[in-house]
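Both complexes below contain chain A, partnered by chain B and then by chain C.
Up next is the complex of A and B:
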């Protein structure tokens, strides 16, 4: 039963192939059906595999299916092989489950797009690549998936490539990711050098067998994490994600919120032995995560573009996941990944529904009072916002609380404090978004207002389902204050993830931490309420009072400008310089010079070709004389 | 084994030649194609006898004519050459008004000369074959009697050919004077035995090489090539560019391989001279080709340059790679000429580079196959041309001929320019005038596809042919 799990990535691959070849000629209805069905079939197989996995004893983890030998050169070997263990099962379920809902949503959202088949080809291809990433049994194949999702991300961000900004955003995402990926592949090379194999089981046994020293572990772990900062949009390589919102909204929901950007978290969890061995690397992960969490949250405060707020929120939330991984609570990080997939894709899809209603409007200053026009979108959006803010008994509460509790328990009070501060900001900017969009004065233009309508069922049904899971998904990982063995999620991951050795907090302390985090969330909501409902003049007076801070935040700390000035422009200028001075002059000059001198000699030599027999005979004779003369002397 | 069988293939071809000469008088004008079919039938029959003689080592006339595996292999590829040339000639003859009776007859006679040359170890017999080949060739070059260039080509070829033959005969005479023998094996034995043969033998050998240098068109004995190639009827040019060249190398292989292998001291001079000639040939051939705009002249210089690469194979003493190169060369060069011939109509041939603008899109099959042949000539994988060059150059590296290889590679780099330029014209230039051609030419398209198959087969799965070649060259050991 369980050994059919290799079909999970295979089915979207087949679907991609069919759509890529015949997509232009197939009717839209069939394309929608096939694309969604392929992901749904994978989802069903994921569920079956999960059930099978639960019935298998822990000793036989991970289940490996080796399809064929892919690279075999000397002692190096990499197979096309997939593995199933709790970690990859969770990821496969998230990718196919959320992915399926977003596919369905896309059917409604993209209904009038002229590149319908291209869209679903990419979306299926993405699903395939992401499943390769999470199910491969070695780092080399994982890198294939890693690059594959990067490619799909590029293709889908630039999906409307006629738009200049979309094409540029795609390029930006691709190039920034290249930087991370370069470090990532160097990390893989080091693994191959020191372990001799890319198989995760071999890596883990090399680590637990002591074959890898701490220094090497740090080197590899940091290199891999640099790759993760690119893919998962962490400091310093996060700059591409806000721009990535140029893509279609379902793409933002699937790739840039729920799945691809969390690949870094998956990778760190997959390599948890490595990060446990290297304390320094783990510390780097925790600090980068914490700083990113709060840094991105501050930028979300002032944005007016509904999707950009969500994008910064995603960066911030992934920061939380990395806090979890960095403090050794990999299960908590993965738990947040899992709940985040629901509520963040819900938020994106609901935002897409708002855009759909307002004929593509993204600016919150031109919204307001939408509550009564969108009776279905509003409650689902609200559920998402409550979940991400960390209000008790919705999914985000449990996962964020688990991370912060572990951070506190492991003695990383600074990280914890940043996390708490981030939680205030999260609650604030999410409810700022809610209030600006759904409450208050209606600021739409009259002709936009006329067309406001709820989207078709293909879009609303996924919203409702995701809202449902945003509420209940957290109940599989209850904190210890509710009872001893209720953290089913953590137990499930235990065979893969080394049990964190801390969590010796008293129940009282735990309660205290929970109360603090709930309190800060409520405070954040309250401030937002005061600022945007009660006394809407406060934000303006704050801006007037602290223009510098506002401008700094509004312009996203000028990081794009700084990167442009320090890296991008010098690179472009330098390239142009080299092109002008070296390439055109030296290289082309040398090439052209060679060509023209060859041509010149050819011309000289062809003078001898007079066409006269006497000359030919003379040259023949001269040649013969020289030939024989050489023999004589 | 002394057997009359050694004579049968040769007799068949000579008989075919005479038959066609006579039949021509009895056939009506519109039935002249039959002559081509009859020739092909004779070729097939001859081929059948050649295949049967494999590994049998037949010989006749006291060993003056023999069919060892090397002779058989060469004879067979000469049959293929003639077969392909006949196919590309059929339409050409009627379009360009060449008198066809003597055409096929002379072609087969030339073939018989080549068969004699590869089947003998006696210099005089080889010379006999050479003259049969040469005299037929002179006439073939001038067969387009209304065309001045064709007549000019015939006269030039004849005069310079005689000049070269004189060197050759004188060389043979000197060798005979020094060793009292015209048999290659015993001449080499004399050289090898260490007894002082004096300069006479060495000069004799030198003149022999010069005489054949003319046939294989190496610098500085190449001057006739472009003019003759340009003037001769195009299918005959195709024949000249592969047939006489291949047979020249076959004979040089028989003489020079044992000589360079066994005779250490005196061979150094010859060795060095051959190196110089090889370098000159590659460099001069490729450089002048850059300046040419006439397709036939480009291919003429290209064939000169290829003689240079082939000389490297002789110097590297790797017979298998030489034979393989020649085999590939036949397919790619005849293929290229076939594509050139394809661009023609009644009384008009398109031979200028300008004519090829846009051909790749107008006639996709001609463009595509021609491109493959040009890429093969330039030495791109996965074509046979690549493997052939690769084998030759790697054999040369094994023999520490690295400078020669470097020059060879650089020279073929230059050659890429003029080969690719044709492709650029075919696919990337807008035609400025209409080129319309007669595409009702099944024989020619058959040749295009056969050559395409040959080039790709030899480039991707050369295994079987290489095995045959290895068996063939054991005859030299």
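Up next is the complex of A and C:
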């Protein structure tokens, strides 16, 4: 039953192909049906595969399906080959499950778009690429998915390419990702050289067999992680993600929240033996994750664009996942990836339905009091916000707690402290968003207000389903304090993920940590409540008091400007200079100089070509004299 | 009786060109269809090469030999796993090129197509020649139609561009001609027979000192053709001024001749000299990759942008050629085909735009996608192929090239991998400025999307791109034997020479006469020669 798992990526691929070729001529209804159905079919197969996987003994993991030999030249071998194991099963379920809901949502959201078929072509293509990424059995094929999702990201961010900002954002995303990918591919080459194969099973046995030294492991792990900072929007390559919000909102939910951006976390978990071997690389992952978590959260504090707040929040939450991976709690990182997929896509879709209601408005300063106009969107949004803030017993609480507990248990108190600080900020900015959008004074223009309406069922049903999962998804991974063997999720991943050094904490300490993280979340919500409901003048006075900090945060630490000034502009200006002064003047100058000096000498010689016999006779005479002189002396 | 398939493929276009002379110049449609028929038949016949090609052997296949002028100047053609695909690339692209200039060329259609056909014969001749003299004849003959194609049907500065192109190439190839004759005389002195046969030359081992000069002469000719930095400045000019079809053929096939020349002649004939110049060559390639990419970034003309992108891509191909391991060389050949498709296709796209707006400046465009969605999809695929997106042809070649280089030198590969970033930057930026954004130029509103003819010639390219990206096996397996043979040949020669050098203690400056065929002439013969020399 499990040997059909390779169909999971195949079905969306077929659908993409049909839509790409015939999409223009097909009716909208059919397009929606086919696109959604393809993902749904993959979802069903994923479920079947999961069931099959549970019935298979751990020894036979991973199940591999080798379709054909793809690139093979000399010692370079890469097959088109898929694998099924707990890790890829979880990812496939998230991608197809959440993906299906977002496809359905898109049917409503994009209903009036001119490029309807193009949209679903891209969305199916994305699903395909993402499934390749998570199901490939070797690192080269994984790179295909890795770049493929990057392409879809480019296409979908720039979906409304008539807008300069959208076209720019798409291009930026692709190029920034490519920087990471360049490092990633070098990492792959090191693997191929030192392991002799890109198959994950071979890599793992090389590592367990001691074929890879710690130095090499660090090198490979760091190179791969640079790729992950691009794809998963971590410092220093996170800059593309906020701009990526130019894309349609369901795209932000699917690609830039639930699935693609978490690919880095998946990759690190997939390579967990490597990161366990290299302590230094793991430390890099943990620190980058922690710093990104808090750094991105601070930027979310001051944004007025509803989607940008969520974008920074995503960067920050992925930072948490990397904290988990970096401290050796890969299962916790994956757990957060899984819960985050529900609540963050919920938040984005709910934001999309706010935009839908407000004729595309994104600025929270022009919202407020929407609670009574959007009786369905509001509670779902609220559930998402509570979940991400880490309030018991919603899903985000369990996963975030698992990460922070492990960070503490592994002795990384600094990382833990950053995580706790980030938790305050998270709760604050999420409830700032809730209060600004749904509570307080109504700041919409009357024109907009007239049209406020709840979206069609195609959009609300996915919201409700996602809200449901945002609440309950965490119950499959309960912490130790609730009982010994309730962490079913971690247990399920054990065959793939080396058992993290069990948190050697007393139950008392565990309880204390939980209480702290819940307390800070509540504090964050409380501050937001005071700032934006009770005493709305406080934020203004703070801005007036600390204009520098506010400006710094509001302008995102000027990182875009710094990158432009240090990398982009010098490259372009420098190239222009080289082109003008070197390529045209020196190289081509030398070429043309050779040519013109040839014609110059030619011209001089042509003076001797007078056609007058007496001149020739004279030259002849001179020559003869010279010749005789030469002979004589 | 064996059918001389290779000769048919080589000379069928020429025969077509001769027949074309007898068709009246005003019957343009007939002329076009006739030419299309000729190149299509050539393509179909050339497919038999692929299917009956024996992948197990590295020996040349479809060999035809015949006496021609004498003194070693013979008609001797054949193909191996390296030239096979370059011939196929040429015959595959020719119908596409003819279709692309269907309405683009309005003046002197007949002459134009005659030159195109002659050009095809010249190109195929270069790839199939196994006789160095014959090779040189084709190498030069091919310049003539190209000279006219740019000079007559080109843009505003066509005369400047075409003369620059021809002089540049001639400069290199004249030195090569001298080198060929030196090689010829060395061979004659060593063995007493006249030969231009490349396989005869493979057998002899040359004194490194002599190799240096000969290598430099050959390498210069090929480096100009590739073009390698700093011999690249003719390329943007030639591309910008050439008609679309000229640009396509130039980028897709003619540049490959340089790389092919290195693989077929310069490297196997002069391995020691290669060893000596390797650092310089590798650095030039690396500069070419980065420099070409940076220059492409800031071009204002779409065509010169694509031209500089070729400099960058060819830099990577040459880097892989010089890395000289199986992965790299197979990658290089694969990338040659790939680059032929993708860059050729990009020039076709520029041609499509030019035919509608009569400008190549990036700033004159913007928002074209909105008006031409189908074209936009094709352009996008071609661009992604050029960027090296996995799943398309470019990735397979690029990844093998870089991996091969990586095996030889990690630092070179790491620096060379910047091409991945640069190519994304310059192409996406160009795509954004040309195809995306709001429409600002009024003219663009009148653009019509691709017509049937344009779609017909784009589709085969797209199919090939996906095929080569998803299932490269049919290509790679046919190369294996030849590539492995080439590498062993070079390695063995180097080894033999160092051994001989040690045993006989040959001083650094050796008389030409001492160089003999080490594989047939044994040590005794060498000693004999020494004695003769003393006398």
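The rule is simple: the second predicted complex is superposed on the first by the 578 of 633 C-alpha atoms of A that agree within 3 Å, B and C clash if a C-alpha of one lies under 4 Å from a C-alpha of the other, contacts with A are read in each partner's own complex, and residues count from 1 in each chain.
In this section, a contact is a pair of C-beta atoms (placed from the backbone, for glycine too) under 8 Å apart; a residue touches a chain by one contact, two chains touch by 3 or more.
The model shown is predicted, which means the values in this text are computed figures rather than measured ones.
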item	value
First (chain B), second (chain C), both or neither touched by A:579	second
Chain B versus chain C, judged by how many residues of chain A each one touches	C
Partner chain(s) touched by A:616 [first = chain B, second = chain C, both, neither]	first
Touched partner set for A:595, first chain B, second chain C, both or neither	both
Touched partner set for A:72, first chain B, second chain C, both or neither	second
Touching both chain B and chain C, residues of chain A	595
Chain A-facing residues of chain C, complex	164, 167-168, 230, 232-234, 291, 294-295, 297-298, 325-327, 330-331, 367, 369-370, 373, 377, 384, 389-391, 395-396, 399-400, 402-404, 406-407, 413-414, 417-418, 420-421, 424-425, 428-429, 432, 435-439, 470-473, 476, 480
Touch list for chain A against partner chain C, complex	20, 24, 68-76, 80, 118, 140, 143-144, 147-148, 151, 154, 158, 161-164, 167-168, 170-171, 174-175, 178-179, 181-182, 185-186, 189, 192-193, 571-572, 574-576, 578-579, 583, 587-588, 591, 595
Residues of chain B defined as touching chain A within the complex	155-156, 159-160, 163-164, 167, 199, 202-203, 206-207, 209-210, 214, 219-221, 223-224, 226-227, 269-270, 272-273, 284, 287-291, 414, 417
In the complex with chain B, residue positions of chain A that touch it	595, 598-599, 601-603, 605-606, 608-609, 611, 613, 615-617, 619-620, 622-624, 627-628, 630-632
